[in-house]
Each structure stands twice: as C-alpha cells, then as structure tokens.
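Heads up, there are several structures right after this.
In what comes next, subunit A is part of two complexes: it sits with subunit B in the first one and with subunit C in the second one.
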Partner chain A sequence: MIKQTPLLEIKNLTVQFHTADGIVHAINDISYYVNKGETVAIVGESGCGKSVSVMSILGLIPQPPGEILHGEALYKGQNLLSMSEDELLAFRGQEIGLIFQDPMTSLNPTLTMEKQLTEAIIKHKEVNKRAARQIAIEYLGKVGITDAEQRLKNYPHQFSGGMRQRAMIAMMLALNPMLLIADEPTTALDVTIQAQIIDLAKKIKEETQMSMIWITHDLGVVAELAERVIVMYAGEIMEEADVISLFHSTRHPYTMALLQSLPRVDFRRDTERLQSIPGSPPSCYNVQPGCPFANRCSFVIDKCWEKKPPLLAVAQEHRAACWIDVTTGEPR
Partner chain B sequence: MSMSEAAPKVFEQIPDKPPLSIQKMIWMRFRRHKMALVGAVIMVLLFVFCFGGALFFPEAEANRTDTSIRLAPPSAEHPFGTDPIGRDIFRRAVYGGQISLLIGISAAFLGVSIGVVVGSLAGYFGGWLDSLLMRITEALLSIPRIFLLLVLANFLSDKFPDVEFAGRTYSGSVVGIVLMIGLMGWMGLARIVRAEFLSLKENDFVTAARATGTPNWEIILKHILPNTIAPIVVSATLGVADAILGESYISFLGMGVRAPTATWGNMLERSYAYIDTAPWLWIFTGFFILITILSINFVGDGIRDALDPRSRTA
Partner chain C sequence: MTETQGASDNSPLVVVDNLFMHFPINKGIFMKRAVSHVRAVDGVSFQIRQGETLGVVGESGSGKTTLGRTILGLYKATSGQIEIGGIKVDPASRHQMKEIRRGSQMIFQDPFSSLNPRWMVSSIVGEPIRVHKLSKDRKDREKKVSELLELVGLSSFYLNRFPNEFSGGQRQRIGIARALASNPKFVVCDEPIAALDVSIQAQIVNLLEDLQDEFGITYLFIAHDLSMVRHICDRVAVMYLGLLMELAGKDELYENPQHPYTKSLLSAVPIPDPIATRDRKRIVLIGDIPSPINPPSGCRFHTRCPIAKEHCALVEPAWREIKPDHWVYCHEVEPKYIPKG
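Moving on to the complex of A and B:
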C-alpha cells in the first residue's frame, strides 16, 4: 500500500504557557496526521490539550503567554508554524475552517447574521455583496435553517443555540475549506441539537471531500463520525487507532477506562455499575518523569513511574503509549 | 379523511410581529427617561435659538458697540440689556451660543476620536504599545486640567489665523480652544475603550473572526468597536458639556476666544465687576450655560440607560 501524503501533518509539537504560577506544559511532543477526506477525532478529558493542539497550528493561541517550543504543522507541505500572521490569514477560513465550542459567544452580538456570514465570503471568494448573500442563503439552507432570506436580517440573539451553531457551520462551509476543525461543537448544546449537528456533519462528509478534526470528549460522537481516533491525556497522545480497533481492541489502559465510563445500551447488564476513573489528571505545571496516567492506572508497574512509555505501533495503524500489553496484562 | 383535516383547529395563527429593531428599542427606552426627554427638547430649542436667531439679524449687530447705551438694563429693545460697551446681550447670546455649541461639539468630536483610537490600539494590541499609550494618558491625566488649559491658551490662542466658515469669519482663537480642549479631553474615554477592548478581544467571536482570516484592523473596526458604542456615545455627549464648560472657564479668565467673536464664556468675562450693579450681564448668559450643561447631562444619562445592553426591558 502506498502511503498518501497527509493533508495535515503535525510533528513533535510542544506548546507551553507561561503563567504567574509557573509553566504549563500544555502539549508535550505530539505528532499526528489527517489524510484528505478523513475524519479524525481527538478525545480526552477537559484540559488535556485537545483544543490547544489545533488552535496552535492556526496561530490562535495568545503568544505570550503561550509559546510553541518546537514542532511542525505541515499543511500541504507548508509549515504553518513558521508563517507570519499575515501569511496565516490566507489559510484561516479559506483552507482550514474552525467551529467553536460555544455558539452563544462565537457570534458577534452587534452585527446582523448577514454581515457576519457574507464578510468572510466576500473576502475569500472575491465575489460582490449580492453574490455573497446568495451563497450565505444557500448554505444556511444546507444546514437546515429555513427562511434564510429573512433570517439573515436577524441578530444572533434572535437565533437559538442550535441555530447559531448551524449558522457558524454554514459560515465555515461556505468558505469551502479543505480541513474543518470542530472544537467540541456539540458540548454546549442539548442532546436533540447535538444529534442535528452530528447528522449535519455526516451529510457534509458524504457530500464533500472535506477533512475534519472533531474534538470532543463524547465517545458516542466519535463512534458515529470518526474514521480514526486520537486519545489524548495530559498533553500527550496515549493511543491512536482507527475507530473500530479503538473500540474493539483497545490497547491502552486510559482508553479502556474511558470506554468503561461510557454508558452503553447494547451489551452492558442493568446490574453493572458505570465505572469512573479514580483520581484526576496530573497537574500540567510540573511534568513527572514517568507515565502521566500512572497514578490512576490499574495496570501500573514500577517502570511506569520511572520512564515515559513511547508511542509505539501495536498493530497496523494502531499506536499506543504503554509499558503493558493490556491484552495479556504482561509487560511488553 | 386524513389526520390533519380531522384535527380541530386549536391554535389561531398569530401573524408574526416583526421584532423591534435596535433603533426602535433604544428610542423606546430613551423615551421612558423623562428628564432626558426634557433635556433633548431644551437642546433642540437652544439650537433653534442660536442658529435660527442668526437668520433675523447679522453678526455685525451683535458686535456693534454703542457706548451711549452702555449697561442698559433689559428693555423691549434690548431684551437682555447691554454690556459695558453697549453691545446687545440678547444678540450676543445668539451668536455666542453658536460658537459655544460649535466649540463643544467639535472639541468633543476631536476628543472622542483620539480617545477611541488610543484606547482601541492600546487595548487590542497590548504589550509595549499599550504601556506607552497608557503612560502618556496617565501623564496627561495627572496634570490639573484647568492649569494645562490656561497655559496652553496663553501660548496658543493667538497663533491661529482667522478662519472663514459658512460665510462667517471666526477668530483664530476658536480653533485654538477647540484643539486645546479636544487634545486634553480624550484620556478618560481612552481608558474606558481600552478596558472594553481588553475584555472583548477575549471573546470567541473575535477568535472566530480571526479563524476566518480577518485582518486586525477589520476586527478592531467591525467586530469590537460596535460593541463599545454605548460608552463612546455617552462619553461624546458628556464631552460636549465638558468642552462648553471648559471654554467658559478659559474665556471667563480672559484667555479664551478673543473679542469681537462672542461666546457665552467671554460674555461673562467682564461681568464680574458688575455682579451687583448690572446682574443682567451674567444672569442670562449664565442661565444659558447652566441649562445647556444640565440638558446635555440628562440626555447623556438617558442615552446611557437606553444603550445599556444589560437592561432587559424593551
């Protein structure tokens, strides 16, 4: 099999934040890739660096306090991290779209939807106002907002949360980016709206060749949407696999723990209690030498405290960072 | 028969009332503020008085001296009386009001412009630019305004040539006063705008704008500035009152607008000596200044309440 060149390849990215309390090690030396037309999910607990890992490649983390220590983000072979702010402007929106977690705050309350939607279209598509308006109406229709023509005159507060998120998605889709990054787009929404957004994302996947990075902590969403999954913990990648392998032949204790804490309707018995992961993620201020998950891991051995396990291939297209082979419980 | 036909018609179709536009909502809220309404009406009347009155007699009449009728008390011919060199106070109040209001508006405009630019640059970009601009702001704020104005007035007021504008000649000192008051009146607003920018730039919609490739100047102008419009409008309104008062101070102390151009401030200049003997010298002019400042402040209050986004009542 000839390996295709990925659309986006992140190599050895390390991001820190300099705060009054010390240095926060947000991302420690992570590498991953996204192929063309592929949907990759990044999962993990709050504060594990999911958002920072994508925001930093677009230059959207504040610097200072943030600092990208080293690493590359190759998009179509060009390193985004070495670009100036002006050079990045051409990539934002046009090539890489971004959808935010909270639709209530990601739209400007003082501008009409028309202004917000058409502004970027005019800039990136180089069309006039009327054409941009037509495009906006077309895409609002695509995301299921009826009466788009009238709705364009509204201000964001006249939209419901789900409609705002759909409008945000329409805004990004209208720019036709090659890569769409969705930063927990369903977290702030109630379940029925979540379902709408996920259906919409599926439809987009079918209709376009858009690649997606879907950041979430909802493993249900992962199973529905993603082809590949990256599990992050404390700024590091714990496991990376295609979605079927991840759910059915899990190779990392953290992923196992995450899956056990997920309510299932299909095979778990009523009497079985839902498992939670004991303890909480380690502080990002001082990095311990060993595995960051060691203090919460049920498989822990002495070696885990001393040396950080490298992210190694355990099967084809399946990597895990653990000293233990969880299928046998023996050290690898 | 299908279900929909059989279903009883329970809900009356209420036609959608178009939602209140922002402008209508602001007007509704402003209208509830009775004093602001009164203030607005008085402001309109003052403008009519100053600019409409000028239609009935030329400026020369307001500047004509006639020592034979000096210090005449109010009469039918001279409703507000005459001053120590026999000029008609009513006519001077009309033309002086024009200058005072013009000074107020243009100085406030200048001050607001500088304040907005300084505040948004400092707040948005932060870093050394913020430090530099804010230190300048603080330095200017730490000097008592009235002294600064007086010193500047001493140096500047006769440095400008007379200007022709709308068919009239204005003393160059008017330009000087506008510059002085404008250049000294932006610091408060700059701080407010900076603070607004500091908090607004952290919003997701700013990151969203950046994520769609919006350049910085566009984010400042189109995305953040509209959110700060309330404090800017309020500050602009109150700035007009401040500038009128400032001009009055300076002119009262004899360093402001030079005669023969009248302003409410310099009309008071010599009345101090006649405070008991010819009270009409200061009563009328002082009254004009008083009600102007009061009405502007009430209007500013009303606008502040009307634009306050936290107010939920429509």
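Moving on to the complex of A and C:
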C-alpha cells in the first residue's frame, strides 16, 4: 500500500487540566492519523482521554483549566493548534463537522429547528434564508426525517432523541465537511435508534467519501463501522490496528481483556462467569512510571512497573504498547 | 447460575396479574383534573420463579422501570394484583408494606444519585438493618455492615467514608450491599450496570450472580443491554409501550424469537466482531416508539411492524402461550390466532 498523506495527523499531543486537586494528565504524548475517506474509531472507558484527544485539536477545551503542553495537529498540512480562534472558526463546521453525545444540550431549546439548522448553513455557505431553508429540508429528508417542511417549525423538545441526533447529522452534512467527528453519538440512544444512525453513517460514507472519527466505548459499534481502531487507556494509546486485526489478532492485554469481558448476544452462554478485569482505571492525577495498565494486567512482568512501553509496530499497520508479546506470553 | 438450577424450583415467588399503572396528566391549578393518562404499564401478567433471574428488556419509554417500581409498591398500581412470596403488595397497608420491603429490595441504575451524599457508608448500608430492627445494638449493626461490605468486595475500612470518595463501580457495590442488608428474597435490579464502564460491568454482573448462588435470591433484571441480559437471565420478557410482547427462556428467545419486535431488537444489537457483523441481516425499525399517552389502536406495535396486516390496527392480539413457556403478543405468529371483537 502506498502511504498517502493523511487528512489529519496528530503528533505527540499532550494535554493537561489544572484543577483544584492537582494536575490531571488527560492525554500523554499521543500520535494518530486519519486518512482521507477513512473511518477511525477511538475506543476507551470514561476518563481515558478519548474525547480530549479530539476536542483539544479543535480548540474546544477551555484554556484554562486545560493546557496543551505540546504537540501538532496537522489538517491538510496546516497546524490547527497554532491557529487563532477566528481561523479555527472557519475550519469547524466547514471542514470539520462535529456531533456530540447529547443533542439536547447542543441545541438551543428556545429556538425553532429551522432557525438553528439554517444559521450554520447561511453562515458557512453564504446563501440567503430561503435557499438555506431548502438545503435544510433536503438534508433532513436524506437522514430520514419525513415531513421536513413541517418539522422545521418544531422546537428541539418536540423531536425525539434519535430525531434530534439525525437533525444534527443533517446539519453537519449540509455543510459538506471533509471530516466528521462524532463523540459518542449513539450512547444516549436505544439500540433500535442506534441501528438507524449506524446505517445512516454507512450510507453517508458510501455516498460522500467523508472521513470520520467515531469516539465510542462500545466495541460492537466499532466492529460495525470502523476501518481502523485506536484503543486508549489512561491517556495513552494502547493499541492501534485495522478493525479485523484488532478483534481477531489482538496484541494488547487490555484490548484482549475488554473483548473477553463482553457477553455476546449471538452466542449461548458457555462460561460460568464473565472474564472481568480486576480493579479500576488509575487516577489521572499522579502518573506512575511504567505501564498504566500494569496493576490490572494478567501478563505483568517487573519491567512493566518501571518503564512505560512505547507504541511499537507488531505487524503491518498494527501498533501496540506492551512489553509482552501476547501471542507467546514472552517478553518482546 | 446454570439454567437447570434456575428451573429446578418451579413455584413462583412473584406473581403479577393484569397489572395496570397509569399516571394522570393534570391540568388546572385549583381544580386539578386528569385530562389524560400516561399508560406506563398497561395490563401485564407474568410470574417469577423462586431463585431465577427474569430479564425485562425494551426501549426507553417502554415502561420497564415503572413495572419494577410498581411491583415493589413504590407506586400504587391503578389496578391488578401483585404477590411476593404469598404476601399481597398493597401500598395502602403499612404493616404489609414493611414486610414486603424487608423481603424485597431494589438496586438502582445511577450509583451517583441513589446514595445520600451526606451519609457515611455505615449509615447508608446500615439503614435497612436499623429500620427493620435486625440488629441487637449499634455495635452489632456495624459488624453486620462490615460483613456486607466485604461480601460485595469492599474493605470494611471504608465504613466511615462518604459516597463521593468512591468510583462508580464501588458505589454500585455499596448500593448492592444496602439492598442485601435486610436479607431479601427478591431484588429488582433496575439497569444496575448501565452507568458503568465496560471493564467494571463484568465485575458487578459476576458479583450479582455470586450473591444469587449463595443466598438463592430471585432477580428481576431490568436492562436494555441485550447481550448482558442473555448472559445473566434465565427467562426474558420483551416490553413495548407498557405491554409484554414476548416472554420465553433465554436461549429460546434469542435463538428462536417469534415476535417481529423481538426480532428487530435482537438484530439491532451490534456484535463485537467485524467478521460476524458482515453477514448479519438487520431489520431496521422505522420511526420511534409512539407516545404511551395515546398508544396505537389494535396491536400497539403495528405502526412500526414490518409484517403488519390490516387487522393489526383494528384488533388487539391476545397474550398467548404458543408452546410451553413461550408467550407472545401477536396475531401473525404461528399458530395464527385473531381474537374476535
């Protein structure tokens, strides 16, 4: 495969938050990339830094308390981190679209859907109100909201959760961004509505070749949608691979443990107990030397406590941060 | 727990018969009158056997939480009968309710709002013991609380701490310890793992199962995670708009679902395996769950049903047993049956 220049490339990003209780090391020196037309999933548990790793590059974390210590975020070769707020404004929406977990909090309850949907279109596309309204209706239809003309007169509370999320997606699509970032977009929704959103995302991908970053904690959603997966834990990238390798030739003990702890809807129960991961994720206040997963890992060796394993290639396009080769159980 | 164990004792512990729970929507400030009702639970009958885990699944707004709370007498049922261990649940009778509350407990979804932030763990877990006078004195109570904490995998060292000092998984353990404090026979688990991280969910599920094995507790397990329900439950009920759509043993329900709603619900669950995912056929339901204030006529699923016929909008299906221990609410499931009227 010829290595293409990625659409978005994050290099050595470190973000901290200064709080009353001390410094939170949200993400430590992470690097990743997103190619054009590619869907990348970032998975991890709450507090692992998966949202911060994306929000920080768009200037969406308040500073202070947040602080980007170092790093680069190259989007089409331009460093987003060195841009002013005004320059970033042009990128958000137009080039990079965002969808959040709870569409109720990202919509203004006192304005009609029409007002909110057309505002962004008028601003970014430089069209008049009537044209913007036509575009809004067209895209609402595309995401499966019937009777869009009438629906535009509604307020957000008159939409159901799934419809609000679809309306947000329609708004993003109307701006036709190159990259769509979705931060847990289906977490608050029922499985039946989640299935609708996943199918919609697949359809969009086929039609537009849009790149997507899908932030989630649900490995089922990852398996359905992603082409490449980044697994995060305690502010670090643990493993990165294409979706099939990640699920079928897993190389990091954390990913393995996560997959084993999941019951399957399509299998009979074959084990007495679920394989749970003992303990809980480490505190982000004081970072210990060594691997952050060491205290919960079943493969742990002495070296793990002393030195942090680097994220190294274990196969083609497959990186893992572990001192152990999990296929043999021997140190690498 | 294996399935054979769950089915070994067939006598029902909990009997729910034709249960209705309607919440009035009031209008007017001085002359409050009910203009309509939210029909949260709308005629549900089932039994839970001794020592088994019955799962209740459904979308949000299907009435599964209301069902759990009404069974424990937290709401006064509009009509219908509930019996737990032979005692009638009747919120009007204080004496009876005390008895019910000692023998039946609840574990809540949100480990953050279900614990009083001003109380220490010793008071939170000790309250049921105090209320039901299950200890001789204060010392005895503290000893019991320590035992409970150790039972759920927490150190008794935490007795004098406040809830904010714990993580979500630990708080859920405190909630479980509190539920167990009065030695209940029956526990309603209302989405006990929904607010927890994936790596913690398995810990809590294993704990719930260990406790069941040790004390023979019967669970009503309310959840929307169908994979976890398949793992933990013996039988599963599927709820939609206040009614049960299907009820069967778990492997029967997951491998041989009959109701079109169950089928689409199961097909919507993402499988954490990119290869298995590819060959799956998905039945995507159109639209959202209708309002429980004014549910659709006839079969209430007909507005979203992929196989709906004309009569489905007119005649309400019967709740019928199509084979032993497999109940369904649908005209179109074989053997077809359309009630007159």
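Quick note on the criterion: the second predicted complex is superposed on the first by the 323 of 332 C-alpha atoms of A that agree within 3 Å, B and C clash if a C-alpha of one lies under 4 Å from a C-alpha of the other, contacts with A are read in each partner's own complex, and residues count from 1 in each chain.
We adopt the following convention: a residue touches a chain if its C-beta (ideal position, glycine included) is under 8 Å from a C-beta of that chain, and two chains touch if they have at least 3 such contacts.
Quick caveat, the model's predicted, so the values are computed rather than measured.
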Worksheet item: Where does A:F100 make contact in the superposed view: on subunit B (first), on subunit C (second), on both, or on neither?
Response: first
Item to complete: Check whether A:L274 is in contact with subunit B, with subunit C, with both or with neither, and answer first, second, both or neither.
Response: second
Discussion item. Looking at A:H217, would you say it contacts subunit B, subunit C, both, or neither? Reply first, second, both or neither.
Written reply: second
Practice prompt. Mind telling me which of the two, subunit B or subunit C, contacts the most residues of subunit A?
Written response: C
Worksheet item: So, A:I193: does it touch subunit B (first), subunit C (second), both, or neither?
Response: second
Discussion item. If we overlay the two complexes on their shared chain A, which of subunit B and subunit C does A:I244 touch? Say first, second, both or neither.
Written reply: second
Discussion item. Once chain A of both complexes is superposed, is A:L111 in touch with subunit B (first), subunit C (second), both, or neither?
Written reply: first
Item to complete: Considering only the touch criterion stated at the top, classify A:R332 as touching first (subunit B), second (subunit C), both, or neither.
Response: neither
Practice prompt. Share the list of subunit A residues that count as touching for subunit B in one structure and for subunit C in the other.
Written response: none
Practice prompt. Going by the contact rule at the top, pick out the subunit A residues touching subunit B in the complex.
Written response: 58, 60, 88-94, 97-98, 100-102, 105-111, 115, 119-120, 123-124, 154-155, 158, 168, 171-172, 175
Fill in: Residue numbers on subunit A that touch subunit C, as the complex places them
45-46, 160, 162-163, 190-196, 198-199, 217-224, 243-244, 247-248, 257-259, 261-266, 268-269, 272-278, 280-281, 296
Worksheet item: What residues of subunit B sit close enough to touch subunit A in their complex?
Response: 19, 22, 203-205, 207-215, 222-223, 226-227, 229, 309
Worksheet item: In the complex formed with subunit A, which residues of subunit C make contact?
Response: 2, 59-60, 167, 169-170, 197-203, 205-206, 209, 224, 226-228, 230-231, 251, 254-255, 264-277, 282, 284-285, 288-289
